[in-house]
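Below, each structure is written out as structure tokens.
Two complexes, one shared chain (chain A), two partners (chain B, chain C).
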Partner chain A sequence: MALYNFKKIMVVPTAKEFIDITLSKTQRKTPTVVHKHYQIHRIRHFYMRKVKFTQQNYHDRLTQILTDFPKLDDIHPFYADLMNVLYDKDHYKLALGQINIAKNLIDNVAKDYVRLMKYGDSLYRCKQLKRAALGRMCTILKRQKSSLEYLEQVRQHLSRLPSIDPNTRTLLLCGYPNVGKSSFINKVTRADVDVQPYAFTTKSLFVGHMDYRYLRWQVVDTPGILDHPLEDRNTIEMQAITALAHLRAAVLYVMDLSEQCGHTLQEQLELFNNIRPLFANKPLIIVANKCDVKKISELTEENQKILADLTTEGIPVIETSTLTEEGVMQVKTEACDQLLAHRVNTKMKGKKVHDVLNRLHLAMPAKRDEKDRPPFIPDGALTRRRAMEVDAPKRKLERDLELELGDDYILDLQKYWDLMNEDEKQDRIPEVWEGHNIADYIDPDIMKKLEDLEKEEELKERAGEYDSDDESEDEDMLEIRSLAKQIREKKQLMVMESREKDVHGPRMPRTATRVERKKLEKEMSELGLDMSDKNDSHYAEQARRSRSVAKKRKRETSAPPTSKTRSQSASRPPRDQSGLRDAKMVKKAKKIMKNSQTDRNRDGRKGESDRHVYDLKPKHLLAGKRKSGKTDRR
Partner chain B sequence: MRIEKCYFCSGPVYPGHGVMFVRNDCKTFRFCRSKCHRNFKKKRNPRKTRWTKAFRKASGKELTVDNALEFEKRRNIPVKYNRELWNKTVDAMMKVEKIKQKRQAQFIMNRPNSWKTKWCKDYKKTWKLGMKIIYLKSKCFVSLGKLQLLLFFFQLVCFNLEFDLAVKGQ
Partner chain C sequence: MPQNEHIELHRKRHGYRLDHHERKRKKESREAHERSHKAKKLIGLKAKLYHKQRHAEKIQMKKTIKMHEQRKTKQKNDDKTPEGAVPAYLLDREGQSRAKVLSNMIKQKRKEKAGKWEVPLPKVRAQGETEVLKVIKTGKRQKKAWKRMVTKVCFVGDGFTRKPPKYERFIRPMGLRFKKAHVTHPELKATFCLPILGVKKNPSSPLYTSLGVITKGTVIEVNVSELGLVTQGGKVIWGKYAQVTNNPENDGCINAVLLV
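And then the complex of A and B:
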């Protein structure tokens, strides 16, 4: 049985809108230009097209409306009845009928006028005919104004109906208003139905879904039913009655023991007996709600007797309180079990079952020996099962702790750790040491391995593997070794010193800076050389030759110099001679200079900075085939 | 938090450093710096790239098989936290590390063809080089002439003795 998707119905426009849309469409989508002097068939065709186009549009739109709206005979009787209750079957059918008639009328009008247009002999005539045709079609539609409005309202309401599947497992809640049906559905499912102290808070059917035994269950909440004969019932109550009548569900008749709903227990029992015929063939449970206020044991004797009678008839009476959640789970399980059993029974009685039954076979393993092998259920599963049934208080959750402590709450997941010693749970575990992961070393046998390793190490040491092989022990070698060590140390120190200098900028090589005489002498004396009488040495001579930069004298005390002052360039040694010790070196330097100049001279360059290219695209390299050599030389 | 190993150079990748590349076959490659990453993208074989640890191990320049190296390996089965085991492990780790370093250094020292270790062991060479430096420095005091050259050689000999004496005096 196809479940209509009531949300997919196209919007039904108002009459005025409908007309406007269609006419403007005609104007836009058909050619607009026609002249008197055109040939008559062309003029006729032009206007006929307009008429037909308009007719086609109306026709399409109206058929769409007719097909979208569900036919009451084609859908599930539950929905048919519900729609009847809500929208009045007759009115609905009439409205749709009117639309149908309008459609046919429009078709006829168009047909007639198209036929007439064949005899139109002038532009004016054809135009008038077209005007008349369009006018009539629009008038027909204007008359359907009320039907269209009604259908639009129906569509809006239909799309908001709760999606109740009439064939699946359903629990139906019924009873007087204000007994606690909506509270029950709120407790059992994720539905959020309004619960208020006044009667008829719930004005229509509500659906909630819940899971039980790995199956999906629908719970339908109905508006309350009052006790009067069927004819006097209003729409709201009728919805409840429809649901009761058509859905094959387990019925939960909710009663209010404390009579807070405003009706005595007698009245409720009266109602129960009145609608009893609706409960035929449905598993039934009586839910005695609001038991936190009044228990069954606190009722009067006769009332208790009545309830006891009901129980003996086979209708379980369960005390619940939606406030304290007492008994709610019990009701749920009871109802679900009963409904399942009922459904299975019905299916067994049906015809389709036998095909399946023939193929089903439960294989039981044959006993091998006398040993008893019961199914193993772990303890956790048992406790959970017990908790589900008895509705016991759940263990304290983190969320509860959080709410309790408020601002002081700190999430501490380490307290759930399963360690051998309980007091180690709050330890801060080290992870890394000097570039090694501690987790890579963790091994229960590590101490034993370490012992073995240490023994090995000891053996190795004893065997002399770690002794450094020093060849000879004579004095000279010792000397040399100690000296060498000192040299190495000094070298390292010098390197570290120079690194620490923190030079911002390019590091100048030692040769680029001038070495002062004092510094040189100091360094050498540190090394142990005698630097006392070095006035004749080369470096001292050079220093004397070059003139130090003259200090700026004060204006008052200065006298103009008498001798000719030498220029700056003369105070430095010329480049051919600076840094060269002796004639041999000078000669060598000159030779090197000449050597480096040969290549440049060959290229005809003026100097080392001459990079001028005389011919950027030399023809002999770029033109011609490759037969005469590669492109960098030809 | 773990310190991973770089795929290319086998160096440590600290958290917050480096790049991880995940291939389509779900194999992950971690790199400590862009140098390793770029080399990998160039499809270079770490076992043939001389500066990587993989090369050094594969070509026998470093200690590969040793008991001390077996302590640190990635374990797939986690052990539940136990304070005394952790304490013992940390102590053991430090000891093992010392022994490991000692053995690695010894291995390198014992390598037959390493010019570096040969240099380290050859004190005479260092001494000679040191002397040469001083000699060259001292050369810049005097201008060259044949006579002076002779003087120099004479000086060198006495100079060595001088130096020794000076050092001994220290």
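And then the complex of A and C:
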């Protein structure tokens, strides 16, 4: 049995749309280019492909429609009957049959034309054959226009049917129109069914869900039934009859004692007797509704007797009023209990239960001694249960207070506070006091915490954690510290002096200007360095060396060198002047050097060792066709 | 209202948005602009389809407008004169019709003897042999070329058996053999799918007639017992001539017009 999901049926397109979609799909998804000079088998294949593609698409879509729509024999008889009532079984089957025929016809057409195309010897002939084939298939579909429209409407309605599970616990409400079935379901479940004073407000089945004893129950509301024979019933009433006939549910026959629905009690009892055969094998309860207007005790003697008879037969008659809600819960519990018992009985009589029963074993613990150990129920639970049974009101809720006061109601949570002084409850709490945030101090243990903290601090101080470690430093450190202090002072003085200089324009870095020897020696001696006898020092030598090379120094007059390498580098002339006698030769040497460099410079090489190869014609810029843009440049 | 109709239920309980009706009105009035924008901007195949559809719509609109206009004006009703009404000076004449019928029958019989018919398609293009018959090469070295295959649609009778394949000169492939034709009655304007009884004459060549090749203009004989025609004498007519009006090899079906 295929699993049907009424809400997942694919949309049935109209005939025109269907044709448009399929033809445009063929045009997009098959190759489009063919020429006269191609080989004939290629031309044939091209057109055959189109014919087959179109046929395939039609076939697939039609098959999907045929499988999506439920077969009336495969679904639960409740739904089969409901669909028959709503959509007419014959029309439905005919429409689907037509679609099936169309599908077969389309297949045959495609087969024939593909066979004919094998004898096509020119492009024109194959093209005409393909045109004829597609045209024929589309004509077949155009004829199905009405079937497709009907199926689309069925699909839309089917997807909106209420999802009633035929196998679960259900309560079914039935009776004359306007007796209060919809009000009952509104009270018991969260279904929001329209309740109006005119008859036949409810025109289809409605379902609501409720909980009882930790189980989910369905409550099904039906349109009212009038008292006439089955053949005269219209579609709306037939839905109610279908539900009654096929759902295994507890039936609540709702009666209107006050006769406000427009039908006398006798008529209602008549109807009850007429549809009694439908209640066979179902737990039945008679709900005497609208008892706030008229109670059973206010009825006439004979009517009361009839109702009493029914009660003795085993059908409980319960007074209810959906307006004041009396008796509604009673009906609910009674109906649910009866249905549960009925279902359990049926299951016990069935075959499947033995599998389960064989595996169940109730173990009773053996008594250890004679001590009596009854179950313990706390007092609170007992009182609450008693209160529930009595239906006494619990403590007054805020909601009740709100309803009472209406517009004057203000939510006052401060009255629930637990303070030492009761009349302080309504006092306003300031936020700031004497410059402190009160919120910072709101801590019940704050005094205690403060004391603890102070104690800790005292201990720490005594232990000496906060003493400075001046004594641990030795003399060197002290000296260094004093020197550092001096240096800092001097630095600050120098900074202030230079700021006062008021130099306009860019400042030259210190290294660019020459520092004279005298100044250097003076500054260093101020700082405390011994600057006497510094003729051999490095800076003095450098100053002397900056003179011209031609003047040769006498080796004897110079002081003996401190190290060998130093003397060599000091005495060696620079490379571009070594081995050259005079300035003229220096100039010539330079010229020769420049000449040798010209070739390298022309190549753009940095030096002798530069062998880098440049990529003057990169492939990514020059390869490929000139696709767009002008062609006079790349 | 069924339980699942949330939109309608909400509308019933809370009504519409405050600007709902205005928005709806404006959207509808914008439709004309959107349609014209679409008509201007579409290109390619979609444009062709759209313009074709729109053209058909416009024709219908023009027709309805014209119809409405006609209703307002008054026109002379030409149907008022009943059938068979004769002006006063012709009242004496009668008995014409019957004579005409008799003479028609005689005329038809004469025409049949002469072999000339009045056909809907008097002139058709002659099909050359290279067009109708394709050369099939046979033999070990594929050199012999005396076999021919018919490339057009043909009709072979019920009791047709091929000659032994070695000796048959004209091959009529099974894929191209048709038994039924779609015959239109010119006066009734109704089309029926009738079985073919035989090929009477192919205008291109008597060879084709003997082979049973059906091309455009061929006169075929069809089984009209379906139509239930009866002669004056009370005999049931079950065979009539029809002329083929399309190229069957291009369309895959034979369309013919009944020769009344």
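Here is the rule we go by: the second predicted complex is superposed on the first by the 370 of 634 C-alpha atoms of A that agree within 3 Å, B and C clash if a C-alpha of one lies under 4 Å from a C-alpha of the other, contacts with A are read in each partner's own complex, and residues count from 1 in each chain.
As a convention for this text, a contact is a pair of C-beta atoms (placed from the backbone, for glycine too) under 8 Å apart; a residue touches a chain by one contact, two chains touch by 3 or more.
Note that this is a predicted model, so its numbers are computed, not measured.
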With the two complexes superposed on chain A, say which partner A:Leu453 touches: chain B (first), chain C (second), both, or neither.
first
Figure out whether A:Asp576 sits in contact with chain B (first) or chain C (second), or with both, or with neither.
neither
Could you tell me if A:Lys203 is touching chain B, chain C, both of them or neither one (first, second, both, neither)?
second
Of the two partner chains, chain B (first) and chain C (second), which one does A:Arg125 touch, if any: first, second, both, or neither?
second
Contacts for A:Glu526 in the overlay, against chain B (first) and chain C (second): which applies, first, second, both or neither?
neither
Between chain B (first) and chain C (second), which, if any, makes contact with A:Leu419: first, second, both or neither?
first
Per-residue touch tally on chain A - higher for chain B or for chain C:
B
Return first, second, both or neither, reflecting whether A:Gly435 touches chain B, chain C, both chains, or no partner chain.
first
Chain A residues contacted in one complex by chain B, in the other by chain C:
none
In the complex with chain A, residue positions of chain B that touch it
1-3, 12, 67-68, 70-75, 78-83, 85-86, 88-90, 92-97, 99, 102, 106, 109, 121, 123-124, 126-127, 129-130, 134, 137-145, 159, 162-164, 166-167
Show me the residue ranges of chain A that touch chain C in the complex, using the header's touch definition.
20, 27, 112-113, 115-116, 118-119, 121, 124-125, 128-129, 132-133, 160-162, 191-194, 203-207
Residue ranges of chain C in contact with chain A within the complex:
1-5, 9, 45, 49, 134, 151, 173, 175-176, 247, 249-253
What residues on chain A touch chain B, complex-wise?
417-421, 424, 427, 429-444, 446-447, 449-450, 452-454, 456-457, 465-466, 468-469, 477, 479-481, 483-488, 523-524, 527-530, 534, 537-539, 541, 581-582, 584
